[in-house]
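Here the chain labels run A, B, C and D in written order, and each chain numbers its own residues starting at 1.
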């Protein structure tokens, strides 16, 4: 458990879930320890109702006795014994991330700024939009910007082109940064737990279109924003992060939109950070967040 | 606008709403000023969409030139000219408030404690319950406790008795402190803007029964509580106050209930305080809160 | 009190404070009303301890019977009678604002972005820095950027040049957007209630340098940011706005800096918005905020 | 890692800190696993600056191969090898807790109510006060109430009697629930990390007396409360929990006291809950909270 010196070698992260049983932590920790791995961080959780176990453990590979390339093969037997769903990520491998946008700039702007500060540890080789408006921002950041217009009848073809672009760019994760189109199940099923959306309400309140208008007319005293994985049900994906801001009768609909902008960009940025650091495990309709 | 010395005489509060027009503030302030009234606090709001005006003004009656008993008659012509809905409240007159409960004690406990500290400036001549469980708490506080059991078929009769009790006690306001029965429209229509409920969710999320269970299974990261006026539509009344608390995957359903208790009692207490200080005006489905 | 139609003519805002007395609201409202002014918004406050009265009132000049240019002269006799400190602002006149920065970009970036959205209703004719680093950001936004290096011995001369620049640009308000130099009393006294700073702590905790380091070593569970007017005492000016974020033992000093960045830029932006809308009155060491 | 069925046997909790080194988690997990222990929860933290390791692990003793009474002896060799500070707590053993109070009732009331709900899993065999005021509340809850008046010159004798009472009652933890006397170093050194105080400010702002008055006159926009362990330096102990509430210029000093009451009781209750569940490790001037 020796903390790694700044700038030292690479680390591995194991994300695992399986039916709960005795000895899981001990045996996984031992697997790492006996190969010279130095555990940097370990978090676990048991869903008591479902009797399901969730684990995130990271360790230094500095004195690890097997090469990183053999790691998955070495761990596979243990995982098989546990009946686990699992993946191993190496610190050197940055998530290749595409950002989908429409016309609103605040979420893209926030992501690009934080990305420039190195906050996410991702690569952004691609921005896709159904409108040309944000091209200058993309270009200012040196990121290829692809316009794919979407019409009701042309959507299947547009999605085909989007998928083609994502595959050509070896995209792992897609961030919907106020992208104003609903993706089809055919699209979303290709990226389970890998499409992150920001919805401008405190879900499950105000599902669907125009949530600020809904909130304004309902007279709520607090508005929110929700970042979630996208599944094939609209606004029903697993929630990653939420936050709220207080409003009053003095706030107009424009004020709600303005205040909500700050929520949206911060909540989406936090969700992307958690995802890019491999801190999220999906548990049915819910998430386990190891932050 | 001379602030009243501590312990001085009584004050009047005018709550008024009317179609917006020029001169409303000036003419109402002048009405008070020319009779020697000393404005202590004035708040106004215009609903720009509806072009409707809302006002709360309080003033000292110390050197007021007409007796408090003539105040309404004196103001009526102005109100008529404005086409206003209005009421005048005198500081000496405490709101007579009934609390309805079932078995949960935390909201009643909070209200009685704050009441004992003088936080609300109300009288509580009556607690009504459909269960006997909280009788000791009522008696410990010296407040009459009436058990009226409610069964599906016996509800009309039970409500008839509840109304009888409220009328016999000259009740102005009813607080539903986790009272677990839905009141009929026949009941609620008698007390428009005068029945305050606490719902244990962040409305409009999780309307109806078992909101914590709903929240738990939806996997939200924040839970809330909402205090609202009761109308004849379930959980659709005008929202007075809301608050939230952050949860995580570690929280069990019991943890949600426990954390929610703190929200419920605080949110209900804040709503009752606002109501008892005549700081709330109803604006259709919404409230204007002058705090 | 008729709300102004969108896009209509100009409005006036009166900010006034004076010793409390009877009739202030009525007489000021009447002054506006009798000249055909339509009050849009009125807020008042009495500091009970100090017996001091504070008022903000805005009104439409659409059918006002005297020209805006004669307004101050017309109001002066009333103000004199009340012994008031006061100013009148016209909506057409945007605050000319200079932003002072050093190397950190997040606050400047936030201000320029919101400025581009029209959130503040100000002009920014000048950015001053003691370092050249943020020149590209200024130029990208088309705003003149002046580098004035500051050394311990050269500070008086540097401030002389800063003041010269501000005067040449007719600057009303100065925003210190993480400007890392302490201004001398000679400077600050020229702009009382018109220099806005952001301090990266929850004042009065962690006054002075390196507040995140102080917070980290003290082991607090919450960090904050404070925007305040600058007076001649370090970090002792009147507080305009504060906000906080929760931290834990897991957060490194770098995490505090990262989380704090979001606080700083949002808190400073809110303070600038309140200031630019003339919603702040200074009350000794405190502020009255009419939002 | 099999979650324990509700109502099953007892569990053990190990709290440990030591210089960081490789293999700590693996070897401790293995120690539990090889004796048939079923880990229920494991949390660890490394203070990277200090290179110090902190661990909390709980496990079921249902099929544990050695009796609970031998547990400490069995673990001692490993702890010695690690150079660790450690303790083991058994779920059956409730913390014997004394509450010290003066005249304010809100914190005591909150603790006794939550205690009655079983929220803390502690015993309260003793309430000590320097005033008789809260005797009825103690007696209503069936808890012995001891009045020990404290005068400046009589303080050493009073503390001698307090310690005598605590020892006679086998007290482990002392909660200062708005106890208005400063304990001497002679007292506090007897209970390191075992005296919990609530300070009515957002420490380190407003150390010492009358923090609400200080906050009121400083004009802050947010007030706070802080629960911390008591050390021999006033208000300098390790912070366990903090929270805040927003205020405005409208709030009088009395409003601050009223709003602060809600913070104080909730923050103290959360701190006591964390302490009673053995979720806190002291790290120099800071705490590590495993919640």
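A few notes on this one:
As a working rule, contacts are C-beta pairs under 8 Å (C-beta built on N, C-alpha and C of every residue); 3 or more make two chains touch, one makes a residue touch a chain.
What you are looking at is a predicted structure, and each value in this text was computed from that prediction instead of being measured.
Relative to subunit A, the most remote chain by averaged C-alpha coordinates is B. Each of B-D and A-D has its own count of C-beta contacts, and the greater count is at A-D. Between the CA-based centres of subunit A and subunit D the separation comes to 37 Å, rounded to the whole angstrom. Subunit B has residues 48, 250 in contact with two or more other chains. Taken as a graph of touching chains, this assembly is complete, with every chain in contact with every other. Those residues of subunit A that touch subunit D in the shared complex are 1-3, 20-27, 29-30, 32-34, 36, 38-44, 46, 48, 51, 53. For subunit B in complex with subunit A, the residues that touch the partner chain are 45, 47-48, 202-206, 217-222, 224, 238-244, 248-250, 252, 283, 285-289. Note for the complex: subunit D touches subunit B at residues 109, 113, 119, 140, 250, 258, 262, 266, 291.
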